[in-house]
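There are two complexes below, and they share chain A, which is joined by chain B in the first and by chain C in the second.
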Partner chain A sequence: MGVKLNTDNPIESFEALAADRVGRDLEWLESYRARGQEQFRSVGLPTLRNEDWKYTDVRPITRHDYRLAGYGDAAPADEKPVTVPSVEGLDAIRLVVVDGRVNRALSDIDALPDGVTLGALTDAIRDEPEAVKPWLGAALPESGHGFSALNDAFVNDGAWLRVADGVALERPIEIVFVVNADGQAPLVQPRNLVVAGEGAKVEVIERYCGDDAGPYLSNVITEMFLAPRAEIQFTRLQEEGARAGHVGGLFVRQRADSRCTLNTVSLDGLVVRNDLRVFLDEPGAECHLNGLALGTSRQHVDNHTTVEHRVEHCTSRELYKSVLDGRARSVFHGRIIVHEGAQKTDSEQRNENLLLSRDAEVDTKPQLEIYADDVKCSHGATVGQLDEDAVFYLRSRGVSETEARALLTIAFADSAVLGIGDEALRAHVDRRIRDKLNRET
Partner chain B sequence: MAKTATELDTLVRREYKEGFYTDIESDTFPPGLDEDVVRALSAKKGEPGFMTEWRLEAFRRWQQLTEPSWAHVHYPKIDFQAISYYSAPKRPEDGPQSLDEVDPKLLETYEKLGIPIEEQKMLAGVAVDAVFDSVSVATTFKKTLSDAGVIFCPISEAVHEHPELVKQYLGSVVPPTDNYYASLNSAVFSDGSFVYVPKGVRCPMELSTYFRINAMNTGQFERTLIIADEGSYVSYLEGCTAPMRDENQLHAAVVELVAMKDAQIKYSTVQNWYPGDEEGRGGIYNFVTKRGACRGENAKISWTQVETGSAITWKYPSVILEGDNSIGEFYSVALTNNMQQADTGTKMVHIGKNTSSTIVSKGISAGRGQQSYRGLVKALKSAENARNYSQCDSLLMGDKCGAHTFPYIEIKNPTATVEHEATTSRIGEDQLFYCRQRGLSEEDAVSMIVNGFCKEVFKELPMEFAVEAQKLLGISLEGAVG
Partner chain C sequence: MLSIKNLHASVAGKPILKGIDLEVAAGEVHAIMGPNGSGKSTLANVLAGRDFVEVTEGTVTYQGANLLDLEPEERAREGVFLAFQYPVEIPGVSNIYLLKAAVNAIRKHRGAEELDAMGFLKLVREKLKLVEMRDEFLHRSVNEGFSGGEKKRNEILQMAMLEPTLAILDETDSGLDIDALKIVASGVNALRSPERSMIVVTHYQRLLDYIVPDRVHVLAGGKVVRSGDKDLALELEAHGYSWIEKEPAQAAAG
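Up next, the complex of A and B:
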């Protein structure tokens, strides 16, 4: 039995399924969920009439009969063999989340460095609810869309990562989200919390993988908090199944002099929507946003980013690129908001799009909203094709036309993933870009 | 520094220079709007049946629409039933044949504005079709124009004398169903200008119209229609000022431009309506729909605007590039000071092959002004090799103002090349310092830097307008920095 998000009422329908959610005795948690339900009832699923979803039709991913996954006991690993695709040469502390539940057996979290807590959110809520309470929902904007309300309403499991003050991790933390669609159309809604203490330093890698067997929907939210002088190097690599929907929220709050790099790489999936929002809450915070969307066939990738400069002396840099082939479509909506009083803001945003086929489409909407005067803000957006001069140059050097085009395309895409810290991961992304583009061209 | 600031303050605070009110008995409808008012308005103007029907159709459509709220502006809700939809100077029937017959009070008004018509006759060969409270009262240089075959007359006259042209083109670019304010305008438009330039004619002079809003509580709904037939050229200037007033006045105009094959239309605006006082009281609401269509190959439409007035400006002069190789241009300087709000920009819709568009938008925000650039560049699948370049710069003066940029880019053709760039900053301390150190007062330095910032746009304006625009900008800005 499944639930169609677009016609059935998911709140009522999922209520019974989510009965064995964690922390039912915690009043604050239950009321948090109730607020999510309330919010969903009032906003519902987004439609094209909604300005923020003007270019993204969610019907292809809301019409399936979804089964709510991620409740009850985590399925023992031996019941159903799960293959966790790995990244060649990546040496990381690994947490594996299968169908929305953290799977300890597949994870490698037994010997964590001092000062690091990494595990299941359900465990954290059970064992130390007071440690979770201040963070849950604290990075979300006041009014989210229907999908994020749905995640709120059924918040249960996901990754819980805390790095104590002054701890600098050498190995990255890798969180792998695997979905076994298995014709069951699961709806997984992990909620991840990343809390970095004062001066802490960590690299976090989120990978989303799934099989191509059938439709499923990942509706994920990650909240990230940086204490003063904390540094986070974050990469979200999305390699979902070919028929999957992926609605990913990433909400970051930064305190004084903290620094983060957020890489969002969208390679697979059918309809993909990323909502990224950074709050620069205290002076001296700095963030770097990089994004790459590689769309082929009928893929649809929608990147929404918002950087809020709430106080003075913060810096933000943003570079989002897309390469589109087949009938793919990419949407970029980047907002930079400079609040009143946020003087000495330094902000740059770029969006570049490369169209390779006649049927591809790009819609881009870079926005600046500025309420302070002593600022330096700029944004730029371009849409175009490969530079014929560059192609000619390569051809004159004896490179075949196909190869020249492939080279230039890859070079274009590559520059958006240079911000990825881990070399093995970057090499993996490079390979994936090459494979995907070569397959198409 | 403090002393300069006070001096500057007095400059900023000075009253709106063009704030005066000419007392002419008006023939005015009581406030309110329904089908009967639309019929009465049409009857009053003695319009043929097709126009009455057209207006009623638009009115019915308007009733089904809701007021848009997406723009980045805030204002109290407008009561459309509290507005009077017709007001004409006293003697419309025995319309003045020459300037001598024009009500001396009108002439006085123009003199106060510093734009005496009799001087303009000689000056630069500008023909003036002056709109004073909805009915055109003076038309000059008609002969020169008619010798060239150019039709330049109030649209109310065109309805009678050239009904086939009006029927064919009115609403063909901005349909009566286009948007809330365009529908309203279509239903109740009072008057405006009509221009038809026949095939191969280069209009012998710059055409210009001065719009004024005069009587109390009279929304003015101009309708302008300009048609440039094959291979013709016309340059049209529109300048606006308004008397000082406490109540908000609504202004919802519609301007339609049609450029056929090889034709070129240049449309320039200097808008200096009453912006309200420092607290934002009064001031004009300027909700305008302006759109041009390049119907044939190699057609070109160019919009240039200098927007310094109005409490709220909401306007997006657009170009539909249908013909192959057609060109659309948009040059804009918008200034908001005190409590002014402006949400302005353009739309360039590329349909034909090798179409190109250029957007240069300069926004200056001072005091507590809020300003948004909102633009759309759209390349349809058929727009092979479409090219767009957009540049939107904002200059901020004062820590209470805001500048926002909302460009939309929708590309469905891979050969299209689109670039958008925007920057926001304040006047560089180093630039100011350099000028000061060379002996310029801060005031002059700011004025010079701002004029330099806007130069790209000013150079697109016809000469007389460029001078006026620079002066306007200087006056509106003086003392904004201190």
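Up next, the complex of A and C:
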């Protein structure tokens, strides 16, 4: 029996399904879930009337009969074999999450480097609940939207990654989320926690994949914590199935002199919403946000980002781009908030959009809110088409018009993914961009 | 090589070229001079296939075929090359990538095999010397952040790589100091050959001290008002364009 998120009452209907959730005996966890349920009841799913969702209609991804996944046995014996798509040449420590449940057999976490904990959140809650407790929900803003409340309400499994003080990992950590839609319209809600100790250094790759066979919904939240001087290089690569919805939250808290790069690449899926929020909590913290949305046909990608400069001497850099063909649509709402007392803030934000078709549409809203007086902040947004002078220049050198247009489009998109640390992953993203643009043009 | 007959062309409905006749034989270098607004750059753009210029009358025959029927990339593959007055900056596309794509597109068209990485690198290093450019230019984005002189040298580098049959240099001297001008001119001179024709469009005689033309044509009001040998350029230098404009009656003498 499925549940339509937009008409049925998901909380009541899902509760029975979630009966074998982890840590039912943990009062703090159960009350955390209860608060999520309460929140969902009060805000419900966002609609176009909600200011933060006025350009994003979620009805195409909420009208299906969803089946809440991510509970019970991780890998039932009768489970069909799962193919986990690989990135060519990527040498990473891999954790695989299938239909919302960490799958140990498909993962490669038996011999982890010293000082690294990587595994299922359910296991961590069972084995060391006190280690999880301080972090769960600690990076989320006080009031989230209905999707994030829904994730809170049914929090269960996901990735649990901890890197001890001073540990620098050589190989990246790759977390692959695979969904088998299989006509069952699963709703998967992983919650991932990444905790980097003082001076720890790690690259984390999240990949979201699924089949095109039917609708499903990934409603994900990742919380990330950087202790003083920690460095995280993070990439979220969204390659969901063609009929999938993806609502992805990424919430980051940074302490003194920590540094992170957050790459958000949205390639596939039907309706995609990313909420990214960084709290620069202590002086000297620095964050780099890069985003690319590549939309074709009727895809819709909405990126909402917020960087909060809460104290003095923090730096943020943001570059988000979108390339849209067909009737695709993208939304960018980037907020930079410089709190009172956050002097010497250094912040730059740019949003650049390339429209390849007359029917594509962009809504962009860069926003600076400054409550301090000694700061350096800039922002800007552009929406445009390919430079026809550049097209002619390339053609005059013998390059065909089709090739010239593809070349310029790829060049535009590429600059938003240069921040990806791992070379194999960057090459994979490049290939995907090329394939997608060549297919559509 | 190239035969232009009674060419009329408009930009945004406004007639710019009003009956150009020009014959360029293989191996010849022709200079097109003229005051601002005389139609020099429009002529260069017609030959390269720029679509904002509309040809309303006349013919352009290149190696026996109708040049105006060909798309810009087809013209390039057939050996027509335009060195731009204002080369475009293309962020994110490296110089070496463009050179490789261009060379191989043209080789493919001519039925030659694509150059392998080694062969290509050897060729490009050789040509870099011609325009006194360093290797690092190859890996920078096309013209991005280049100085005026570097952009023009980059045009000549492309020309050297593509080995055109007909090269059109549109105000290649504009914005160059004398050292850059000499480098560009010697690059061009090194490419002079009995099989290659060139049309050098320039406002000033200065460039023609270094690239000595076989013929000089003066454009005014969209027509060739005077043609002569290299001495015509010197005469223009001495008297200024007003000299031509005052005597429009003395039309092209051959």
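The rule is simple: the second predicted complex is superposed on the first by the 438 of 441 C-alpha atoms of A that agree within 3 Å, B and C clash if a C-alpha of one lies under 4 Å from a C-alpha of the other, contacts with A are read in each partner's own complex, and residues count from 1 in each chain.
By our rule, a contact is a pair of C-beta atoms (placed from the backbone, for glycine too) under 8 Å apart; a residue touches a chain by one contact, two chains touch by 3 or more.
Just so it is clear, the model here is predicted, and its values are computed rather than measured.
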Which of chain B and chain C A:Ser415 touches, first, second, both or neither: second
First, second, both or neither for A:Gly398, with chain B first and chain C second: second
First, second, both or neither for A:Asp387, with chain B first and chain C second: second
Partner touching more residues of chain A, whether chain B or chain C: B
Touching partner for A:Arg49 - first (chain B), second (chain C), both, neither: neither
Footprint of chain A on chain C - complex, ascending: 48-51, 71-73, 75-77, 81-82, 84, 87-88, 90-93, 98, 101-102, 105-106, 109, 141-142, 158, 162
Parts of chain A lying in touch with chain C, wherever the complex brings them together: 387, 389-390, 392-401, 403-404, 407-408, 410-412, 414-415
Residues of chain A touching chain B in the complex: 51, 55, 340-341, 343, 353, 355-358, 360-385
Residue ranges of chain B touching chain A (in the complex, touch as defined): 70, 381, 394, 396-426
